[in-house]
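Read the structure below first, then the notes.
Each chain gets a letter, A, B, C and D, in the order it is written, and its residues are counted from 1.
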Amino acid sequence: MIEFQNVSMEYHTGTVALKDVSFTIQNGEFVFIIGRSGAGKSTLIKLLTCEEKPTEGQVLIDDFDIARIRRSLVPYLRRNIGMVFQDFRLIETKTVYENVAFAMEIVGRSRRVIARRVPIVLSIVGLREKAKALPGELSGGEQQRVAIARAMVNNPMLILADEPTGNLDPTNSETVMALLEEINRSGTTVVICTHNRELVDQMKKRVIEIDDGYLVRDDAVGGYLRHTPCSTPDNLPPATTTGIGPEGRQP
Amino acid sequence: MIEFQNVSMEYHTGTVALKDVSFTIQNGEFVFIIGRSGAGKSTLIKLLTCEEKPTEGQVLIDDFDIARIRRSLVPYLRRNIGMVFQDFRLIETKTVYENVAFAMEIVGRSRRVIARRVPIVLSIVGLREKAKALPGELSGGEQQRVAIARAMVNNPMLILADEPTGNLDPTNSETVMALLEEINRSGTTVVICTHNRELVDQMKKRVIEIDDGYLVRDDAVGGYLRHTPCSTPDNLPPATTTGIGPEGRQP
Amino acid sequence: MKLTSVFLSLREGFRNLVRHPLVMLASISTIALMLILLGFFTVFSLNARHIMTVAGQQPPIEITMRNGVGDKELADLDRYLANDDDVLEFQRYSPQENFNQFVDNMENSELFADFPIDNIPYTYTVQLVDPSLAESFQTRVAGLAGVRKVSLELAVMSFLSDAIVWVNYATLAAFVVLGLISFFIISNMVRISVFARGEEISIMKYIGATNWYIRVPYIIEGALVGLIGAAVAWGVTMFGYDRLYSTLMAGAKPSDVLTMLPTEQLTIIILMINLVIGVGVGSLGSAASVRRHIQV
Amino acid sequence: MKLTSVFLSLREGFRNLVRHPLVMLASISTIALMLILLGFFTVFSLNARHIMTVAGQQPPIEITMRNGVGDKELADLDRYLANDDDVLEFQRYSPQENFNQFVDNMENSELFADFPIDNIPYTYTVQLVDPSLAESFQTRVAGLAGVRKVSLELAVMSFLSDAIVWVNYATLAAFVVLGLISFFIISNMVRISVFARGEEISIMKYIGATNWYIRVPYIIEGALVGLIGAAVAWGVTMFGYDRLYSTLMAGAKPSDVLTMLPTEQLTIIILMINLVIGVGVGSLGSAASVRRHIQV
């Protein structure tokens, strides 16, 4: 269970990226985090991976306050999280295969297990023939899919994906989303930051909207815009809205 | 005028990213290049900036074969092109302001001109308050907008934008597109690679589709899919289709 | 650390080395350079000590006979010295020889044109098998017939032992200084190369690699750089020394005091020194800078 | 290149320096270290040459008188030498003094117990204001009454001039070797730091920066590193030398042959050498590695 309790986060530059944000995500949920550019979505994710610490409030994972975690334990926290970073963060000097295998080596999997699992995961994201390529020899979308493969290879408890389809065409995006939904169905909590209106509207999942650091909406089943837009083919029922309107701001 | 004459491009890894591609873009045109991930869009852009050389065929800009350009002249070619890279390529050690100003310094603009123009451009992309931030202190979308600001600051003859809205929310995406259209209206040629179906469908511009290295479609006024999808609010007239269907492949 | 991890770290260490040939070459050649400097110094100091030890093992003991000593006493002493097991070699000098040698050493030799040769005694120079036998030899021989004095030339011996102490100090000082410089330069290099890989390292951390998991391959890499640098330096030093040896020692006899140590005798010493310093400096330099810079 | 560009390059050079403090510190301290080594060597060799020149300016000319020379001749010669402008200083030694000194130098002094002192002559040692006057002085004095021989001790003079040649060679060799090592290490450092900034450089190229536009700031940066390194090394060298000077020269008279050069006389020389080598090596090292590695 992930719990944000009145979390505020101010960068050393003085930018306050999150302001008094509170919400709870149960184990096994599938959540979209949306919001305009610079709203604070990536910051929220960084708090979950201990990349940044909240300046106020608490971030709890299974009732454990990760802001007060010992530094030497951070790696073990991260091993339980599959991360897809907005800027991919692939190791430039390792091949696609090695990048994915590396995530398994870290948690101490045997070579046999790695040799069996990595090709499967690469096939799933459609990169089996690119296994030997270096990240620099891949297209943007291909790199993104490597990052996705790496995030899911260890069957983590939690997948955090920051803009996982920003460089993918609609077909690939839908495939990736279907994949994440599949993983979610087996019990993994999935949290996705995205700007992809179509996908959010199609998936009919919980939507948390951040605007200028405030949590402005938390719909149990939501669309990209607060009131499901008329242009979407499938009309959604007006969802359980707990927040305020998309333009609204808390004081 | 940009002209691709039977261009093929094979990377040293053996990947053939473009296969016998021919098309012409007139000065002042606004063109979308679409295609699934790994189709060869970025490769096409790289040929225009001399980042890669075609293995066969010719790439002509104003009847000048840029594959045979002297290496020392490449910088001067690039100064006439405003590039938005898929991976942003901002200089990590320079602030937002300096990154944009740097593009003007290179072409020898005076400090006075730079000091006047950079803030204007940053305001246009909505980053005026972030002028002093380093790229590492920006959100993904903000970095993308810095890249866009840098590309347009010199009023180039040609703007090449690779996935310029991949990290932007719909509102920001539309703003950026409107901006590019505005620049285009003043005579600048604009070529955009994108996966953003909504934008392509809305803009009603020329669409070149690449699939697996082949040019499979070149519509004077096109949508993201060959036959305008019914889910799009504005129905487009069936455009002048010169290519083959989205799934079709030339031998 | 599990066996798999050890294996993986080793593999990573090797790979890092090959993946950044630039950094690798720079580091290896720098460490090799310092070790070559150190090597030539070591070779010099070992030879200096060798020559001094050889000289010290052969203290020129001088026996001065009484003036007007008879032929019998001389013959007896000859026999005595020839039969003494402590004596390695001896040489008798007649008064005339002594006078000639003495005059040869003078600037104004004509001053002594009419010097009365009778005033000059017979002398012997004796070399012992071991300098520690000198004092008992002195006591024994001093009592023999015709012997006026046995001088041990303690000045030379104490000069030599002083000189050995000084060479030892200088060697130590050079080792410390050059060692520190090597360490410093290598750890600077490693720091820069770690800096160059900062992104890679931070990515590993984001994925959940522990500090040791990141650190160990760098330490192995540093050790490898040191190892290769040591080997290169060893090759260069030994080759250079061998050339020098064959040039300088071409016409030397084994009995000469001023002999260089043969190349074979230095091979192992230099290799050991290089390996210990190279690998030590390489791995410790890596460890220090990875620790400090990564802030793991 | 326009003035604006020059200004921008300078600014960039400064900024690079400050932006990568790690690289900066490593490079500066390495170059400073090499320059300090070089500096101490220079100081040593300058002093060696200084001492030799001082010694060479005072060749001990020795005048040997005939045996049994009269008091008048001696008094005449005393007067002659005292009035000769070429003579800086002179000293007369009686036969007894000469004998004592001679016997003092002997190991077996008792050999000469009954040596007839009459055989030993009066001698003079003379120091000239300039060694080049020696030969004309010799001709002049050799013709005076009672003088048997004027010896110039050419051996000492030729030894000194030989030694100066050797010290010159050694200085040159050390300069070349240490210079090359510095150059090598610095260019390695620059290469690694350029490597560390490879991405930045390639981005500049993508935006349309020309080769020189990219290269010049690095060269300026290298020159700055060299400049700072040179200054640091200069400070350390001069401080160290000054301490040494005040310790060793505490009780020295200005007339001593074995004097060190005063610190002030070295300040400018060392500064110049450091600046030329530091800035040269820094900027050339940068230029070389930027050129090679960036493949601009």
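In the analysis below, a contact is a pair of C-beta atoms (placed from the backbone, for glycine too) under 8 Å apart; a residue touches a chain by one contact, two chains touch by 3 or more.
A quick note: this is a predicted structure, and the numbers were derived from the prediction, not measured.
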**Fill in**
Note: chains that touch chain B and chain D both are none
**Request:** Please state which pair of chains has more C-beta contact pairs than any other pair.
**Result:** A-B
**Request:** Using mean Cα positions as chain centres, tell me which chain lies farthest from chain C.
**Result:** B
**Message:** Between chain A and chain C, what distance separates the C-alpha centroids? Give it in angstrom.
**Reply:** 65
**Request:** Between chain B and chain C, tell me the centre distance in angstrom, where each centre is the average of that chain's C-alpha atoms.
**Result:** 69
**Asked** Approximately how many whole Å separate the CA-defined centres of chain A and chain B?
**Response** 28
**Message:** If every chain is a node and each touching pair gets an edge, what shape is that graph: line, ring, star, complete or other?
**Reply:** ring
**Item:** Touching pairs - complete list by chain label
**Value:** A-B, A-C, B-D, C-D
**Asked** Once bound in the complex, which stretches of chain B touch chain A?
**Response** 11, 13, 15, 34-39, 41-42, 86-87, 133, 137-142, 144-145, 162-163, 166-173, 195, 197-198, 224, 230-233
**Prompt:** Within the complex, which stretch of chain C touches chain D?
**Reply:** 20, 22-23, 26-27, 29-30, 33, 37, 64, 107-108, 111-112, 114-115, 119-121, 151, 181, 184-185, 188-189, 191-193, 195-196, 293
**Residue ranges of chain A touching chain C (in the complex, touch as defined)** = 49, 51, 72, 75-79, 81, 83, 85, 89-93, 102-103, 105-108, 110-111, 150
**Prompt:** Where on chain C does chain A make contact in their complex?
**Reply:** 2, 4-5, 8, 15, 19, 199-200, 203-211, 213
